[in-house]
Structures are given as structure tokens and as C-alpha cells.
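The next part holds the structures, each set out as C-alpha cells.
Two complexes are shown next, each including chain A; its partner changes from chain B in the first to chain C in the second.
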Partner chain A sequence: MDEETLPPPLKEALQVLRKARMPEAKVEVVVGNFAYVWLPDVVYDPTKYPAPHRRGLWARVPIQFPLINPHGIVTRGQLNPVSSHPIKGESQDPSMCAPVQQLGGTHYYSWTWSGELGEGPKLNAPSDILGVVSWIERRIRNA
Partner chain B sequence: MIEKDSERGKKEFVIFVGDIEEKWDREDAPVDEIMRLAGVADPKGHILEALDGRNGTPVKEFKPGEIVDLSLPDRKFFRITPGGGGFS
Partner chain C sequence: MDRATNSQRLKALQFSITDRVHALVLRTLFDDARDPFGPEKGFLGLINAGTGATRRTLYLREVVPQESGWVRWTGDGLRFAAEYFSRGLTLAAQSTTGTGLLIVHSHPGGFGSNVSPRPSSPDLFHERRLLCQASRSLPEGAPVASGIVSGGGRWRLREYWWPRAKTSEQARSRAFGPNGGSFRDAERVKLVGRELGTFSGRKNVQVAQPDAVDSTLRLWGTDGQDVLNGLSVGVAGAGGVGGMVVEQLSRLGVGHVTVVDYDTLKPENLNRAQGARRGDLRKLKIAYVKRLARQSATAHGFEIKVVPASVAEWEGLRPLLDCDVILNAADSAFARQVLDHAAFAYQIPVVDGGTVFMIESDGRITGRSQVSEAGPGRPCLECQGVYTREEATMARESPFQQGPNRYLTTAGKKPARGELPRAPSVISHNGLVSSLMVQRLLRIALGFPPSVKSWQQRFYVELGEIRWGSVLDCEADCPKRSWTGLGDGHPTPVGVDPFFPLKNGRESTSNLPNLATPRDPLAGSGH
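Coming up: the complex of A and B.
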């Protein structure tokens, strides 16, 4: 994936993300209006998930970020809380994993920025990508 | 949590919200105020997460309108996370 073709705000967001949290973060592929952004080091709450507690996943980040909100994640393997309860938002649509299936993407969680859990704050700047990562970690923790 | 006595004998709590340092002269700190001092203009829709260390793992979360007791363990490092969400 040639990230030079991405809109400048998304490129800046990726730079911020790499510098502040995940040097290996990258856009794997763009499908439609969304980039599948590889987040190699997402924290899973050790009180709620078995090891490993740092796992990689893909976040679907709009190429128009931060004007448009993120939507959904793709994981390698099913989210597996120790409580074994079902995870809301898991999609049976294999097409959402297809762009990263060859890389191990197997499960899609159709999580939206706003909805039943409340309205997410407006995203304003490329640096808000860091909030997206912590938002994903919180969603996984509270899933 | 960091607590130290000033020359006047008052307790001071030094906390970090991300890289932002805040000094509090009381142990009960409103979440909204902590967030505003860290640069969040409108705390609504955000969550304040207490971490178990610098860049650590969240151990407790607070919503706007709540009070944080800075005298408790694991109340020194925080981060602000967007709240909200849904399913489609």
C-alpha cells in the first residue's frame, strides 16, 4: 500500500500514531472509503481477557479522517473474554474481513462511533487517531 | 497519586493526564475540571481513565460529573478516551 496516495490528514494521523504509540502501524489496504489500519499493539484488559494482552488488529479508519468517524475492527481470532459471553456487534459478513483475510483477519466487529452506548465526541484533528486507539481498547475492555 | 506537604502544610497531588502535569491542592478532583485543565474544551462524551502507571493499563474509568479521589492508589496517571459507541 502506497501511503503517499492517502489524503494528507490521514497521513499525518499515521505519523502521529507511529511516533506516539505504535511504530509499526500502517495502512494495509483501502477498500471503498475506509483504510484498514494495522494496529500491532492493542492492549487487552488482563482482568477480562486471557493472554496475550497485547494483540494486533485492524481498525477501519475512513480515508476522510477526522471528518468521518471510524467504523469497525477486524481481529485475528474471535474476541475471547474470560467470561465467555458473546460480543455484541460481531458480524457474520465475511466480506468485511476479506481485505485482510490473507493476513489473518478472521472476525469483524461492527462497532460505531456513536450509538447505543452514547455519542462519541467529535473528532477534530489528525492527532485524534490516538483517541481512536484508546476508544478501541475501551470498547474491547467493556465488550 | 503523589502527595507531599508544602511549606504551609497543605497536601498537593501531582497527576499526569497524558503528558500534561496538573497540581491539585485537594484530593477530590472533579473529572470535568481535570479534563479541561488537560485541554479538553468540552468533557462531555469523554472518559477519564486512571492508569496503573505512565502509559499503563486502565484500571478505573470516570465520567464527567464524577469526582476522583486523588489520595487513592493508581490515581497519578490518567488518559482521556472518547466515550460513546454503538453497533451496526
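Coming up: the complex of A and C.
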């Protein structure tokens, strides 16, 4: 994926993300209005999830970020907490994983920014991408 | 010195300024009302450009603050200090990408004058010299322009372009110096606030059938009819509301109408598609809307442009950026958000209208028909609750991911796969909304009727009452006001309309890997 074709605010957000948090983060593919952003180092709360506690996943970040909210994540394998309770928001629609299926994406969780955990942080600047990662980690922890 | 030649520069040029900035300009240039014939004054301004399908617009966003003595009259001309230019260039560099510089001076006297000022030979000599230098100091593509303001508040504006020297030899040649390059004069000046002022320097009181508009001429006279004749109005959506809006505009004598919609007419639309025939079925809605508008137009030389596209994509938005006012009848949070941004970034007042019906669990029908305005001098649609960011997010998903349409709540029933969610629509409510929208246009363009209220109006279905909304301004942390006049420098959130391929037979862009980001057709053009 040639990131040069992305809108400038999203390009800037990716630069911030790589510099501050995940040097290997990248846009895998853009489908419609959403970029599948590979986040290689997302923290899974060790009290709630079995190892490994740092795993990669794809976040669906809008190409109009930060003017639009992220929507959904794709994981390699199902989210299985140690309590083994089912995680809400899993979608059975396989088309949502299709763009990253060859890379190992198997499960889609259609988490919205104003979902069960309440409103996510307000997104105004490209640097707010860091808040997106924190929000995903919090969402996984409390899922 | 040549006139502009390349395709971008052949676009008609207009200048747009908000009433707030215009008031600051007049204070800066004519603060001594006791001496209207005093010496010339001047200032530097930060400008940005916006590009429509056929029109380029320059926006004056800010007046660069000046210290005493930085702009002074010397007896043989106005002098701008190097420190002032340095401040202007620094502020332009610190601002949004694409910010350029405007140099303005006054032509004193004639406070009542209605004539646009004309530059003198020394004016032209000095502005070329100063702007050529500024152009070299700014990033490529940043606009440079000169302006003159008369005591009566009339503007003359000219944009210049200079080629970029690639070698030191080129830099020394005349073609790259003050007398090289090209220019274009603004054909129109637009003053944007709660009302709209346009000055084209030409009068065209031309009515195809004077008898046909006799009733309105009695209300706003030939001057008002001339304003409508010179007005360019964009209509987003040619459905039940949009179709009626277009017919009202054409009958009123609006001179130029642009309609954007990609949808086709279906049998279920016939109970509200005013003027449509069975023969129009399965054809684009804009086709019958265009026919009706032409049949009903009263303006001399009436023009209607129809665009089979989505306003949520550049292809549909660009033609609307040529317009003076946009009336949005597209029932989509995606379209609403895009137009909300455009209203501020491109300084185009947007009037949004629509109806929400809700079927309660006990079978009662409630809802509201609503009209809202956004843009300079008004709160944004988002702060007025017309859409939420989450709705705008979900509207970007495939229709089958979106869930039930917010304009129809029926106990959470989701559309089946393969079935697009469809909102209920009643022609009488469409008529109410379209009339209120056109009424807003008349207030914006003519001050008719002279009401100061420009905020939301709601007709409550269950009450049968129209009430004014209570949101008079944006929320404190809303950034949209700071986007005013950024033009193409603002990342307007256009994208891929997920309904477009399903309704129009366009190749589906959903769920296909490696799809390129939707490209602005102007990308790479230098603007």
C-alpha cells in the first residue's frame, strides 16, 4: 500500500503513531472509506487474557481521520478471555475480514466509538491516533 | 504580463469575504470617518483558494496585524515595510498548507460610491513588484493577489501567478520577474454573512416573462429580481424535497441551478416526485427535475446543470462549490457532514432540510420536519444536532452494515441483505420542508422577509407546530469556525458513497481489497 496516496491528516497520524508507539504500524489496505491499519503491538490485559499479552490486530481507521471515528477491529483468531465469556460485537460477516484475510485476519468486531463502553475520546487532531490505540486496548480489557 | 493561460487559471475567479472580516478591513482602511479623502492606507491579508468545477475562489481569512509606521503614505505612493512582509510570510507559513498573501490598499473618498475601484499605473507597478517577491518566498501553489477597496466598500481583486525558476539563469530572466507571469481579475466579489452580497459589476435585470414575476417584483423590485437572476444555487439531492426546491427556484427567477443526485426514479417514488411521469421511471431523477425546471423557469438565460454523482464524493461536491448557496435535500449523514465542512471552508451558506418519522412501539407516529442553516455567522449542522459524528461514520459503511435508517425507527428492524433501508416520505411534509428551505434562501439573498433569525426551525409532526431551535452558536470546543475560508486547504471529509454503486449500477467499491483512496480530480494540478 502506497501511503503517499492517503489524505495528509491520516499520513500525519501514522507518522505520530510510529514515532510514539509502534514503529511497525502501517496501512495494509484501503477499502471504501476505511483503512485497515496494522497495529503490531496492542496490549492485552494479562489478568484477563492468556499470553501472549502483546499481539497485532487491524483497526479500521477512516481515511477522513480525525474527522470521522474508527469503526471495528480485525484480529488473528477469536478474542478468548480467560473467563471464556463471549465477546460482544463480533460480526459474522466474513466480508469485513476479507481485505486482510490472506494476512491472517479471521475475526471482526464491529466496535463503534459510542458503543457499550461509552463515548470514545473526542478526535480532533492527527495525534489523537494514540488515543485510538488506548481506546482499543481499553475496549479489549473491558470487553 | 500575460493573462492566465493554463486550464486551472482559466476558471472564473471570484473573491469571497465574510462580513466579519470585511468590517475589519473597513476599520483598517477607513478608520477616520472625519477625513474620507485622507491618504491611502493598506494591509496584508492571509488568503486561501477553493476550486469548484468551473470557478476558483480566493478567501480573505485574516488581516495581518501591523505596527505603527509599517504601512505609510509617502506622497508618491504607499510603502509597506519589510518587517510587515516578513510577518505576513511567517504567518502564512505557519498557517494551513496553501495559505498565500493578499496586498490591499484603499482608494479614499466616495463613501457612497457604488463603483468598483480601478488601479492606477503606479498601483499595478508596485503590486507586481511586491507580489512577485512574495510569490518566490511562499511555497509553490500558494496564491498571491492584490486588492483595492473603495470608501463605499467595493473591491477590485487580481490574482497573479509567476512560474517557478528552476535555475539561477531563469531567476534572472524577465519571464520570471515582476513583468512575467500572468494574472486574472475577479469577476465577482461575495460578502458572506447571515445574508449574502454579490457584486459582479454588471447589471442584468432580465426576466424572460416579466408578467410571470410581477407578484414578486412588487415585493423586492427589479433589484431583488436581479439578485436572484445572478444567483447560483446548488441543490444536493433530487428526491421528494430536492425536486420541489428546484422547481421553486426556477419559478422564482434564480438564474443558475446545479443539481447533484445519482439516484433513479422508482415506482415507490411516484407518490411524492412532483412533476414526474411514469415514463421517467428507471431514469435518473435529475433528468425529470431538469425538464421541469426548464419548463418553469422565469429567469432570462436560465441555466440548469445536473450532475449524476454523490455530494459525498469530489465528483459531486466540486460543482456545488461553484454555487453561492447550497440547499441540501440529500438524506445522508455523510452528505450532511461533507456539506457542513464545505459551508465553512468554502464560505458557502448551506440550508439543510429533511423529515424524520418515528413509529413508536404503541403505533403512534411522531417526528419532525426540520430546516437548519450552517456556514459563516451560523452554528454548524453538527452542533445543531442535525447529524452526529457517529452517524457520519456509520454512513460511510456498506448499507448492510449500517443498520436501520435513522429516519425510520421501527422497533429496531434491520433491512434484509440485498434490501436498501428506505425512509418513509410524505409529499405534504416534503412541500413544507422545501418551502422553508427556499424561504431561507430568499432571506439570505434578499433579506426577505427581514427576520434576524437564521437558526433551526422544526415542525413537530405530532403537535402540528413549528418552533425555533435553541442552538444559536457552535459549542465552545467546535473547531469549524476556525476552518472558515480555508478552501482546498481544509481536508473536507469526502470519500466513497457506499449507496452510489448499489443504486446506480456503478461497480461496487465496498469490500474490495486494494481499492485506491478516492482521489480528488484536481490532485496534482497545483491547487
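Keep this in mind: the second predicted complex is superposed on the first by the 140 of 143 C-alpha atoms of A that agree within 3 Å, B and C clash if a C-alpha of one lies under 4 Å from a C-alpha of the other, contacts with A are read in each partner's own complex, and residues count from 1 in each chain.
The working rule: a residue touches a chain if its C-beta (ideal position, glycine included) is under 8 Å from a C-beta of that chain, and two chains touch if they have at least 3 such contacts.
Computed from a predicted structure; not experimentally measured.
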Chain B versus chain C as contact partner of A:5, first or second or both or neither: second
First (chain B), second (chain C), both or neither touched by A:88: first
Chain B versus chain C as contact partner of A:114, first or second or both or neither: both
Chain A positions touched by chain B in one structure and by chain C in the second: 71, 110, 112-114
Chain C - residues contacting chain A, complex: 97, 337, 341, 388-390, 392-394, 396-398, 400-401, 477, 479, 491, 493-496, 498, 509-519
For the chain A and chain C complex, residues of the former touching the latter: 1, 5-9, 29-34, 62-64, 67-69, 71, 93, 95-96, 98-99, 110, 112-114, 122, 124
Touch list for chain A against partner chain B, complex: 43, 45-46, 71, 88-89, 110-121, 123, 131-132, 134-135, 137-139, 141
Chain B residues touching chain A - in the complex, by the definition given at the top: 42, 44-47, 49, 57-58, 61, 79-88
